[in-house]
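Structures given as structure tokens follow.
Across the two complexes that follow, chain A remains constant while its partner is chain B and subsequently chain C.
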Partner chain A sequence: MKIIVDKKGLLKFIDSIRKKYRLIAPVQKDEGLFFDAVSNTSKIVFDYINPKNTAKEFFFPIKDPILRYDSDSIEEVKKSKENIAIFGIRPCDARALSVMDKVFNWDTKDGLYDNRRKNALLIGFGCNKAGDHCFCTSFGYGPHESKDVDVMVYQLGKDEFMVLGVSKRGVGCVVSGKKASPVHESRRKELEKGIVFKKKMDVDKVYKKLDTVFDSDYWTGASFHCIGCGTCTFLCPSCHCFCMSDERNIRYRIWDSCQFACFTKHTSGHNPRPTQRERYRQRVYHKFSYYKKNFGEHLCVGCGRCTLHCPMKVDIFSIANGTLDINEK
Partner chain B sequence: MGMNEEIGRIAGDLFAKKKIDVFLGYCHDEHVGARPIYISSGDTDLKKKIEQLMFDEHCVMSLPGFLGRLRGERVGIVAKGCDIKCIIGLLQEHQVSRENLVIVAVECDHVKWKGEEMDKCKYCDVHKPDFYDHIMKGARVRDNVTADKKKKIFSVLEKYEKMTSAEKLAFWKKQAKKCIRCYACRQACPLCFCQECAAQQNVPKYIPDVANENANYMWLMNRAYDLAGRCTGCMECDRACPVGIPWYLLNRKMAKTIAVNFGFVSGKKENIGKKTPLSDWSEDDPDKWVR
Partner chain C sequence: MKNREDYIPIPAKVVALRDETLDVLTLQIKPDEKVTFRPGQFFLLSVFNAGESAFAFSNDSGDIECSVKCCGLNTQAIHRLAIGDFVGVRGPYGNSFLDFIKGKKDIYLVAGGIGTAPIRSLLQHILANRNKFGKVTLLMGARTPADLPYMDELMALRKNKKAKVDVILTVDTQPEEGWKENVGFVPVILDKIKPKTKNSLVFVCGPPIMIKFCADTLSKKGFKGDQIISTLENRMQCGIGKCGRCNIGPVYVCKCGPVFTYDDIKKMPKDM
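== the complex of A and B ==
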């Protein structure tokens, strides 16, 4: 059921969720807009394209203790009983979680990740404008997609929001307000239609093209200005590579990045991806080719963070799209 | 002839006379605006790429960092005053050879990142560079902040230096908490050229990998020491850091400490041929243990 509430009503609803969940929402920090724990709902920001960090870090933390050991015992770290609710997650970030679910449940079920996913409540927030680098519509969904969240919120006017329960858990959340009419729904559709995207890619064409251009010289020039800082992968909502590190007597799973030279370095010293050319190409292939081959969906969701925050302005959209212009055998 | 055409003319000339193999400059991209461009003599669209060359206030990215990847090749490079400081640093530490390098200097008033003028430009002493092969005159360029205004060069530190030691420690611990250990700072740094970074060494493990406050703090301080007397204040780390750690402040503080104690300022052309202060010793050193 779709409910219409004013901002006060929406905040009251969000506040009521805090009884059962630890609330995460976009808040303004000195360094920019970030998803963070919120204790006062008045701090929540409503006008934004996307926070700098993504929702993935609440399910796949940057450092995740997996086991403790000493000289004669090993014990697994107990699963957290804490439930989190994320308000303000955009359709792209929510989509990224659904896409990542597949790899975390591929050969082995990832208990820590699944446990957090199972207990979380995602409250999506539809976009009313697109950022310069957004291209979600290229992937067969859009800025008002509600499939991947539990509750979806749309802003219809300055003080008017439409709340919609999507999953069973989402429907179970109590929202008090008046019932939405078809007029509200058509206004939502209008708003969605009015969003202008500067970027649009034919991802299926790129997917096919990538099968033929792996060895092209194109990659040398296209990604030369990549400095391998890994910012793109760390701020990506769906990049999920990790490594293990032991500290004192705890084994952690920590984030890693395919953009790092040591990511593929063998013990022998040999590195199958010796330069940034191969590393950047890997990122493009993983996003637009390999993942679809393995799991049927593209790993990129088109949120645009990697381009927006890249210090060298490496643009994955132009580079992937640019492969279509390669004319070599 | 405008500056953009002039840069293109020089690049074209250098390629035609076979003086360079690679040219590094900036171009305008329809999606992202100004960005670095890599032109190789073997490019089939060489002419088209040369025509794209340009320079404006959005060309903030530093190009000398790429020189490490082009060892053995002859490179033409577009460089602002601050970039030339980095090139001098690389020359001083024998990372590039002068004969393989053609520096196309640009006079630059200021550069912007995400719509704002960079802090470094406010304290810039190289609007008009003095070390180059070709120079592109800027239309409107501020005067250099000169040596007698040295205080101004470090005035970004004014507020910071008023803090007590305890406050400073708390400040940096707070910054360390934010760090996600992506090493964007290191990758962006033109002078971080180690083949293998101490942070990634396993045996011995100098800095733990896990992103916690203490390990991150070690990384911050390790990097500050490594760059003391070497950092030229190009601000690339500051700009690249996805979580907003004020690297510029940290590295400026180290630069000032070096300037006060050793009378050494990095990025000056007189430095070429000399060692950096922390990799050298002197009989006049006030500390006995050094001698």
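== the complex of A and C ==
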């Protein structure tokens, strides 16, 4: 079901979601635009490429308490029963969640992630323009993709929005409004077509090429500027590596990064990935090769955050795409 | 196991401790729930306030036993444990040596230093099912005589005529006095004992460099890649293929391993 609403109607719809869910939406903070809990829908920002943080942290928090321990017992930390709804999630972030579902349900399920994920409501927001580093269309989907969300919202005009129920849960949320006509749908298609992407990669070609260039010197140059700060992995909507840490009688699951020197270091002192060359190469291979081998999909979704926020402007797009130009035996 | 999904360990108690060498301690741990495991598999041992790390089972059945070398922060905390102390265990995870044994085979067990721990688990399994295996040879090496673990057990095994296990010991360099066994690196002694390729399997555990040279020695003698079986010991955190640090290429050591044939290992990218 597709309905047409004005901004007031859209805010009313978002407000109605708040009755059953804790609402997360893009809001302006001192440090920039972030996904955060919203109590007043008028604070929601509608004009943006992507918030700095991603939707993953609401399902896979930065620091997630797992258990409480003392000298002779272990007790599970009770999780909040409150379900969350995310408004304004872009198709790339929504797809990243669908992609991450696979590793978190890889024959052993991850209850911490799954329980949050299965009760959440995702309200997507189609893009009408692309960022400088966006390359989602390289992965066989686009800025108006709706299959990974429950409800999809498109902005057709300054005060005109199309709301579309996608999943069963999503359809149940979209109740009243003017029905959309084929004119509206063609308007949406026009808008989608009008988006100009500066970057496009043949990911299948890169996938095949990566099988042959693992030992290449290319990686030394490609990773030369990387300082191993891990920003790319923390802002990535699909990076899922973590470690555990015990602090004051609570064990937490904490985000970790393959870009950190000690990530793979053995107790013996041996490190399988001793320099940034191996660590950056691991990130590229995980995104464009390994994940597809194990799960049939690329772990990168092309949101461009890693490049946009990298302090050294290391560009994963150029580095992955650049492998196609390697000519060595 | 019900707790697996949420990374909650099973509460357990340390019931016995035994010093194997100056820096290797064997712990016997009794979990609140029964844990059944097979040789080659691993589990995660939690010392609360220190952390959780992966260890191979060093026995075959009953309470969990593991041998830990004091190296890093977690292993130091483990070495400070006393009998009766509260710990957590999560597992078993991974595949087993037994998955690679089809039919009655002659077995060569090649172990270096702390790498003897998982081999001991397999050795106990073999001794408990002795008639299912052919000739059994154990070759164990370490830097010095003082670094050889499980010496009491192995000396008893040598004297036990019924067990029919050939125990060969070696150390890297000639000790000052009183050493009547071999001197030389494990791969060199392995070459000397002339292992027979026919209907046999070699299980190699130890430092990566020892595994490599043992595999080279064996390959030269005509052993095929699937007759040489080893374990990879990458750093792990979750044990179930999610935390993303134990992979070598697309292979997750915790899920697909830790036991691999030399054929498998050769196919992996050089990221070890």
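In this section, the second predicted complex is superposed on the first by the 326 of 329 C-alpha atoms of A that agree within 3 Å, B and C clash if a C-alpha of one lies under 4 Å from a C-alpha of the other, contacts with A are read in each partner's own complex, and residues count from 1 in each chain.
In this section, contacts are C-beta pairs under 8 Å (C-beta built on N, C-alpha and C of every residue); 3 or more make two chains touch, one makes a residue touch a chain.
These figures come from a predicted structure and were not determined experimentally.
Chain B and chain C, once both complexes are superposed via chain A, fit side by side. Working from the superposition on chain A, the chain A vertex angle toward chain B and chain C, CA centres, sits at 80° in steps of 10. Contacts of A:E76 after superposition: chain C is touched, whereas chain B is not reached.
Once the two complexes are overlaid on the shared chain, A:K52 sits against chain B while remaining clear of chain C. When the two complexes are overlaid on their common chain A, residue A:R188 makes contact with neither chain B nor chain C.
In the superposition on chain A, contact is made by A:C258 with chain C only, not with chain B.
Contact with both chain B and chain C is seen for A:S245 once the two complexes are overlaid on the shared chain.
Residue contacts after overlaying the shared chain place A:L67 against chain C, while chain B stays out of touching range. When the shared chain is aligned, chain C comes close enough to touch A:T108, but chain B does not. Of the two partner chains placed by superposition, only chain B is touched by A:G228; chain C is not.
In the superposed model, A:K287 lies in contact with neither chain B nor chain C.
Distance between chain B and chain C in the overlay is 5 Å (nearest C-alpha pair, rounded to whole angstrom). Shared interface residues of chain A, touching chain B in one complex and chain C in the other, are 243, 245. Across the complex, chain C is touched by residues 66-67, 69, 71-74, 76, 103-104, 106-112, 114, 214-215, 240-246, 249, 251, 253, 256, 258, 263-268, 270, 272-273, 278, 282, 285-286, 289-290, 293-294 of chain A. Against chain B, the residues of chain A that register as touching in their complex are 30-32, 52, 62-63, 132-133, 198-199, 220-221, 224-225, 227-231, 233-235, 243, 245, 247, 252, 254-255, 257, 260, 262, 275-276, 307, 309, 311-315, 317-318.
By the touch rule above, chain C contacts chain A in their complex via residues 4-9, 11, 46, 48-53, 71-72, 74-75, 86, 88, 207-208, 233-235, 237-238, 240-250, 255, 269-272. For chain B in complex with chain A, the touching residues are 29, 31-38, 40, 43, 61, 65-66, 69, 178, 180-188, 200, 208-212, 215, 236, 239-240, 242-244.
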